[in-house]
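For reference, the structures are reproduced in the following blocks.
Both of the next two complexes hold chain A, though its partner changes from chain B to chain C.
Showing the complex of A and B:
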């Protein structure tokens, strides 16, 4: 699987996932699962490169990544694919220049944290019962 | 025709502004810490009672255009506002998108209670619309407008946290934990030991100059009647209501020097996680952990919007201050132990009287 991941391009799978970057860290929520994902700032840089249309192979070579670090990132991407956060795309559209891809080479700084303790709160909310056609309030 | 959220908010904004010139309305100004919020009500609205739950709400003669304004309106206004026609799917989607702060136009609709909350966080006008104020659930009356406060606070580097609090000498210890883990009871026990509070359920936290401050937003204390201890005399002068759903009384603690229950603001010196240990085995206890998640989860449960910002704020305060986890058993002795710890900790911080 890893060779495939290395050369492929990915995009955010939305729906069901939404994303926001706060203080340099990406936060994503999968609305179907209600799962919350937090990427460390280094992981966010890599993630943004991926969303900018770079393959992992390109990111690795542009940044001269250690093999262990490359493998660590592959595992992270694989997890995000399995979590329906990322999906493969054929549309390659480099939105950033290679000079913007400078990332650290430390495995410990590239962290994906997955939280499933808020699933009831964050999943798509099924409480709304407004009429599909007329909404609320009904015309008086 | 498909509902256009941008146009709807534009139209809403114009129609709400017209109400400012209408003499049938009354205005309130709420000030706490760095937050200023205006509330507009129809003159004879029964929602005045809810405004009385705010720690510091003053009548105002006119509205300031630079202060966020929440219009609290009932069904008699429905025809004066732009028609709201959203399908269940659209509502669900908006609700979900509002989990993250990238969404600035939020519409939350509670069909069961016919309650509509509309917020455009890049604008100053917010709408709280219900069929009737008299049928609102207790939390909309005794912790009113909390979603609105949440968004307005986050834009001002503050966070409305679901926490209890105890204060002495302008220092505060915040009490975190999911509902039923002793935030209110610990707050009440502390009050009984002559500590003060900035709130037993919600506290506005401000991050300023590398420090954190707690500000009172509501002046309500919720308690089971049996929990009042020696405080009974202090409390019996306050208006109280029974919340049938929980069996608790809620007291509206009118500010006066004699009661000395609330203080307006205090510097936060410690975060205390509370876990009321009812039936856990020692292994389960070992797995419990007080971390930034434990701090933020119940706040997120109460207000599941802009969760990214709530999480980041809680991480910041967790990393910046000393943290203590009290996994305690039911009973007076355990509560007293918590209070003793808090008192000792505050004493070790020295005095500060210039807040």
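Showing the complex of A and C:
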């Protein structure tokens, strides 16, 4: 795991992305790319910890993660950065208590799925108000 | 009579624009097409205006609902329709001349196509209103979810189901996602098939946060469908 991602804090990049947890799984839409994303339930728990201001290093240490699991999470975060879903932040505003970071002995169920089957449609909401700079659904 | 196309229009309090919209459809349809209007409890002069048309054209029918919302009204329209093809238009939009025949020619020329999806152009009788909005290209037309830009083979609704009546907004996105998940063959045609009017009372203009939630929920349902299809 590189120190770059391991020790940094991230937040949802909005705009262009909006996100909600539905039935225990995070769903995100990048309104500029028209791409949408789904995280498995375990990945969602980690994602929520990240959004709560905890670094991957903190999450890993509290959960005694095996190195390959940590690597897997790092890859997921890296993809989310590349997709403009996450961005680095210096502001840390912990909302979860450390006990809520104890997310269990997960191993492989950390799955990020990227969907582009409605890309041409989701990326194009033509009735955005021009002086409004928030994400897709919030622009109507 | 063998009905070719059923054009379904849901309306509630559409007195300002419905005449304009109906005239644009009348320029597109033939005697073997039918227009089905679902009035969802209008309290203005909408019904009065529609009746001036039903008196003149026997292929225009008016049905009444009460608080069906656009999804429910469209579903009632589908239920009442007899056409081999189905298309929709909202009471405040227009079809360009020749739009319907163009879509039908494409569908009849290629048996494997299920849906024609044309582009949408945005207009306003009050041009400054358009300046409030950003468009991705200067020509202001593009593919989008607006139902008036599609023509469907009837069997599409038998395959993917009708509109989700629980959705007050986003029912078009929901239908589109179900078509994608079911591998419905949608042909994208660059010609403009809908003129979408921007005005102060567009239903979708004042729903910022709700829109996001609805869209995410629709996509969540789509992901579950994809998993179920993959597991079958």
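Convention: the second predicted complex is superposed on the first by the 120 of 140 C-alpha atoms of A that agree within 3 Å, B and C clash if a C-alpha of one lies under 4 Å from a C-alpha of the other, contacts with A are read in each partner's own complex, and residues count from 1 in each chain.
Simple rule for what comes next: contacts are C-beta pairs under 8 Å (C-beta built on N, C-alpha and C of every residue); 3 or more make two chains touch, one makes a residue touch a chain.
Please read all numbers here as calculations on a predicted model, not as lab measurements.
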item: Which superposed partner A:51 touches (first chain B, second chain C, both, neither); value: neither
item: Touched partner set for A:86, first chain B, second chain C, both or neither; value: neither
item: Partner chain in contact with A:43 - chain B first, chain C second, else both or neither; value: neither
item: Partner chain(s) touched by A:65 [first = chain B, second = chain C, both, neither]; value: neither
item: Touched partner set for A:23, first chain B, second chain C, both or neither; value: both
item: Chain B versus chain C as contact partner of A:77, first or second or both or neither; value: neither
item: Contact residues of chain A, present in both the chain B and the chain C interface; value: 18-20, 22-23, 25, 27, 29, 36, 38, 115, 117-118, 121, 124-131, 134-137, 139-140
item: Residue numbers on chain A that touch chain B, as the complex places them; value: 18-20, 22-23, 25, 27, 29, 31, 36, 38, 115, 117-118, 121-122, 124-137, 139-140
item: List of chain C residues in touch with chain A within their complex; value: 120, 122, 131-136, 140, 142-145, 173, 176-177, 180, 198, 202, 204-205, 207-209, 211-217, 219-220, 223
item: Of all residues in chain A, those that touch chain C in their complex; value: 18-20, 22-23, 25, 27, 29, 36, 38, 113, 115, 117-118, 120-121, 124-131, 134-140
item: Complex contacts: residues of chain B adjacent to chain A; value: 3, 75, 78-79, 83-89, 91-93, 95-97, 99-102, 109-112, 114, 116, 293, 297, 300-301, 304, 307-309, 311-312
